[in-house]
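Right after this note come the structures.
Two complexes come next, and they have one chain in common, chain A, joined by chain B in the first and chain C in the second.
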Partner chain A sequence: MGLNQEMETRLQTLIRSNQPENRMKWLKEWKAQGKKVIGLMDIYVPEEVISAAGILPWRITGSWDDSDPHAALYRPEMSCRYCSHVLESVLSGTLDQLDGFVCIPVDDDFKRLWDVLHYLKKPPMTYIMYLPHSYSELTLGMWNKSILELKQVLEDWTGKTISDDALSEQIAIYNRMRGLLRQVYELRKRPVPALTGAEALGLVTAARIMPREEFSNELEALLPYLRERRGTFRDSSCRVLVCSEYLDNPAYVQLVEDCGAAVVMDEFDTGSKYFWGQVEVGSQNPWEALGKRYMDRPGTSRMENWTEQIGQIRDWVKEYNVRGIVELRQLYSLPLAYRFLIMKKELAAANIPYVSLDREYHLAQTGMLSTRVEAFLEMIKGG
Partner chain B sequence: MNAQGIAGLKYLEKEIATCERRIARIKGDPDPTKPKSNVLLYELERDFRIEQREAYLSGKPLGLLGLGPLTRAMGMVPWDAIMAADRTHGSEATRYFNIIRKGGMPEHTCDRCSVLIPMMSEGDFPRPSYLETSNFECIPVYLAHLIMAETMDVPHFHVDRPFKNYKGELDDASLKFVTDQLYQMIEDIEAKVPGCKYDEDYMIELQEYNRQYLQYFQQLWELKAAIPCPLSGRESFREVRLADMYPDPKKAVEYMRLYVEEVGDKVAKGVSAAQPEEKLRLLWSVAGPFYADPFSWLEQRGVAIPAAEMTIYNGWFSKREAIWGDPWKGRKLTPIEEEARQLDFTWGRLGQPWVDTHINSCKDLHLDGIIYFMQWGCPTSNNMGKVVADTAEKELGIPTLLVEGRMLESSIFDSKDFFSKLEDFIAVAEARKNDRSKQKNS
Partner chain C sequence: MLVAGIDIGSLSAKAVLMDGEELLGGKVIYTGPDPVESAEQVLRQVLAPQHLRREDIRYIVATGYGRVNVPFAQSTVTEISCHARGNHYHFPGVRTILDMGGQDCKAIRSDENGRLTNFVMNDKCAAGTGRHLERVASTLGLKLDEIGDLSLSYTGEPCLISSTCAVFAQTSIVGFLRAGYPINNILAGAIDAVVDRVLALMDAVGVEEELCISGGVAKNSGVVRRVEERLGMKARIAPEPQIVGAIGAALFARDRARR
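Here is the complex of A and B:
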């Protein structure tokens, strides 16, 4: 096997880490060492604190099956589909090995999912922490307090103190991971990006289920290869940015690329938003520096700073030479459905082509989606 | 000046005319036994809409700041588009939904928050001058206000509440956090909205009216426990508009006093809303298909609905939630602290208080079951339906009907299916009631 072939195999292995057949591997290995694993769903739980407690923060991917019979008893069809598929995974026993679940009530769907899991005592430890929906000195103070409460809960649960040094060590580990992912995303700016959008999504979702140091070591080893690599695109000139939330199935991004686009950037909580922004190092109080990092960024559509979020998207359009935006908003999830109205207005004013399409959480209605995406791409190519 | 047809006034003109018609009908009824309080209610409603119309035409600011008197204390006329959207059921709601679907707007959220957007974009309701966005109630309302502010260039301020029951837990830090944000908002309004200045004396006066008003509701709660229940389901379901919302809050208090007196008379006489006699008492939760009037249908089958469960209201009525002026750790809160305390709705909290309020209502009012309306697009309540049902079964031995639907948009309503579910549930609840009676007697 040549060097490039070996590196390609390693890259594909990393990218495929969050596929259903692989994703439990890291959790099981961690548990085999007698250590605990906590499930997370959003990008606001400060993972560094959990890691500093010796626990693996493991992003929960819901069941990718097309039905959710167990969850349907608790959640009507017209509810956030990601939350329903997560509940399905819990109730069907797929996630029985999770020791805990830490949730942030970014919206009512998350809050009520936590309520149900807490009621059912699945997993055995459930904790919900406060996150403000706006960013000011005042709300940052409350958020910092919330992080310290999480610290206390984890200390009580594990019986171990989380020291400032342990936190600082994890901050360095996470900063390294975020820095590496940022380097990979820089390679997507090239005329022919190093990775497809589907591959990039696979990579970031892998980061969230693996021990972060192990992930970073592997990614760092792959970087020289990635710098030389050219992703495989049907048409690399039709560069698009995809917006979505809780999208963890790369098949959706692949669908867009199969229609003739190169997905060169994303606005995903499972993508760029996970690793954008670093924790300031050298700060006297690492806890406050940590809190600031989690708030000091455009955030997800649950946050009230929609104008900043759209400003960030506009910046990415320029930096990544994007010709159009495809939004794959999750059915029955409300924030993107609302933000759509202001997105439409702002992007039209900036002459940025934009289409917003509903999708299920699991892969479904691909024919309809392909038709709509193809029509949009034809429009931007024609323009 | 005839304002008919001016953008922003269509809804107001329609409501003013409706209230006038109702007032004339009641006043024209020679029957001395008919309740008189409704005249006051419709006059209050009419005068509020007239006030909004005059404000809009004269350029006086309209706004929405939380739920209490702060709006008026800042010198604004309350802007209540979400509550107004509730009154657009039937063909009007369908018209709005058609606009929503055509424009790709969010239609999977609750009806009131969906309808709000075309109602505003079509110019049927006046544009506000300032909005508070907040998560104190639910995410759909927060998002609906945020999109209104963003798309209509309305200055806004976000007040964030913690999800804990800080009111119940007397959590000083959370109360201070919300209070501090309210002070920041007041400063922001004074800087951005000409003519607005915080008037604390007026605030205190309005808070006192709210207290008196809710104290009457607390008396009403006790009357609702009477068997048979004289209140119709429609009355039970009427959403609370606090006294401070009206231009004449003193009159609002007088309306409640008179209303409670009339209900008391009916209780004393043994009047039953359910016909021919009350055989079952149910709690109606969340929302309902208002266009189909299920309440009258139930009453004709001997089923009373003494109470509805939504937001925080039954907590206020049952004295389990503090009302304006109640002490906080033995002290009186400052006026702004009081507003901060009230921004702690059951819907904005974790699910347990929502479960508890159902159980408490059923216990207080001797209820035999729950009709839990799974209003599409209401993640706050929908996703707790089964937990409420399981808890009611376990703790009280009473059944719950979980039934999905929309509250305003009627074009997809299957009347036969809906009422057959109600019919079946009545049979189940009645059988269960008989079983409980037998067990009690044996």
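Here is the complex of A and C:
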């Protein structure tokens, strides 16, 4: 096997880490060492704190199956589909090895999911953090307090103190991971990006289930190869940015690319927003520096600074030379639906083509989606 | 230069032949279970009267939900772009298009060149589609081509029928039948409900004159009259509204053959 072929195989292995057949590997390995694993569902829970407690923070991907028969007993059909598929995974026993769950109240749907998880599974540890809806000096103070409460909960549960040094060490590990992912995303600015949008999503979702140091070591080893690599696109000239939340199945991004687009940037909580922005280590108290990073980085639609979020999208449109935006809005996920109206107005004012399409959490209705995406691409290409 | 457009819809397969700007012929057949066979059959039927063979065609573009299943097409274009282009062929002043097909409904905006500028599609529910109108006709024991005119000649108030779901609409229709309401009033209510849905779609893209209606449902006078009344503008309808998408595909074929 040539060097490039070997590197490509390693890259594809890393990209496929969050596929159903692979994603339990690191969880099991961590547990085999007698250590704990906590499941997370959003990007606001400060993973560094959990890692500093010697616990693996492991992002929960819901069941990708067509149906959710167990969850349907407890959740209405018209509710966040990610939450339903997470509950399906929990109730079907797929996630029995998790020691606990930590989440934030994204919306009422997440709160009810947490209630049901807590009531039905009674895991050793469940905790729901406070998270403000807006960013100000006052709310930052409340958020920092919430992080310290999480620290206390973890210390009480494990019986071990989380020192400032342990946190600082984890901040360095996470900053390294974020920096490496940022370098990979820089390679997406090229005329022919180093990797496809589907591959990029695979990479970021891998980071969230692996021990972060192990992930970073592998990604760092692959970077020289990535710098030489050209992603395989049907048409690399039609550059689009895709927006979504709770989108963790690369097949959806692949669908957009199969229609003739090159997905050169994403606005995903499962993608760019996970690693954008570093913890500024300096003279600051590491706990406060950590809290600031989680408020400073581009927010998800759950935070109500929508104009800033759209401003970030417009910046990315320029930086990544994007010709149009495809939003794949998950059905019944309300925060993104609320943002839609202002997004439509502001992007139209900026003359940026934009289409917002509904999707299920699991891969479904692909024919309908393809027709809409293709029509949008025909529109921006001018027929 | 001979080109063809083939539109494989959920209910019908359409084919047209064009030579330059001239429309040589068009054909509509029911789509069978095999879209490949439907495509071959409809093309054979449009070629036969012209005494032409498939080899005589320079370029073929396929459109419609079955566009990827036409093995002899050189390329594909979505039905959304094709309806914009096909309506522009008949009516160059068109800016808003309502295409009501067998399984979906589209509100489309286009520019002075017939290029797509905006669109919204509804296909999460059969309400507002040709398939739904077929079911309405069948439930009432009528032929599809009868229900439009009958829905316009009622006395009193139309029956109030759900516009949110095709299944609920059918249930309401059966209920009104059992309660002895006149068929015309039931039909008026059923078609009002369809029009409620399509107007919501049109509102999402904005309506600007000229307005065209295409697709099989454009043959339903009850739908067309209500859309016109509610929007306060006359709708233009191609001589054969079912083949407008195929005409658009043929025009794309002509462009691509010239490249």
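FYI, the second predicted complex is superposed on the first by the 378 of 383 C-alpha atoms of A that agree within 3 Å, B and C clash if a C-alpha of one lies under 4 Å from a C-alpha of the other, contacts with A are read in each partner's own complex, and residues count from 1 in each chain.
In this section, a residue touches a chain if its C-beta (ideal position, glycine included) is under 8 Å from a C-beta of that chain, and two chains touch if they have at least 3 such contacts.
Note that the structure is predicted; figures quoted are calculated from it, not measured.
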| item | value |
| --- | --- |
| Superposed model, chain A: greater residue contact from chain B or chain C | B |
| Partner chain in contact with A:225 - chain B first, chain C second, else both or neither | neither |
| First (chain B), second (chain C), both or neither touched by A:157 | neither |
| Partner chain in contact with A:64 - chain B first, chain C second, else both or neither | neither |
| Chain B and chain C contact sites that coincide on chain A, given as residue numbers | none |
| Of chain C, residues touching chain A in the complex | 65, 77-81, 85, 104, 113, 115-119, 121, 123-124, 252, 255 |
| Contacting residues of chain B [partner chain A, same complex] | 104-106, 108-109, 117, 133, 135, 138-140, 142-144, 146-147, 150-151, 158, 160, 162-164, 173, 177, 180-181, 184, 350-352, 374, 376-377, 379-380, 382-387, 404 |
| Of all residues in chain A, those that touch chain C in their complex | 358, 367-368, 371-372, 374-375, 378-379, 382-383 |
| Residue ranges of chain A in contact with chain B within the complex | 73-76, 78-80, 83, 105, 107-109, 111-116, 119, 128, 130, 132-134, 136, 138-139, 142, 145, 302, 304, 306-307, 331-332, 334-335, 337-342, 344-345, 356 |
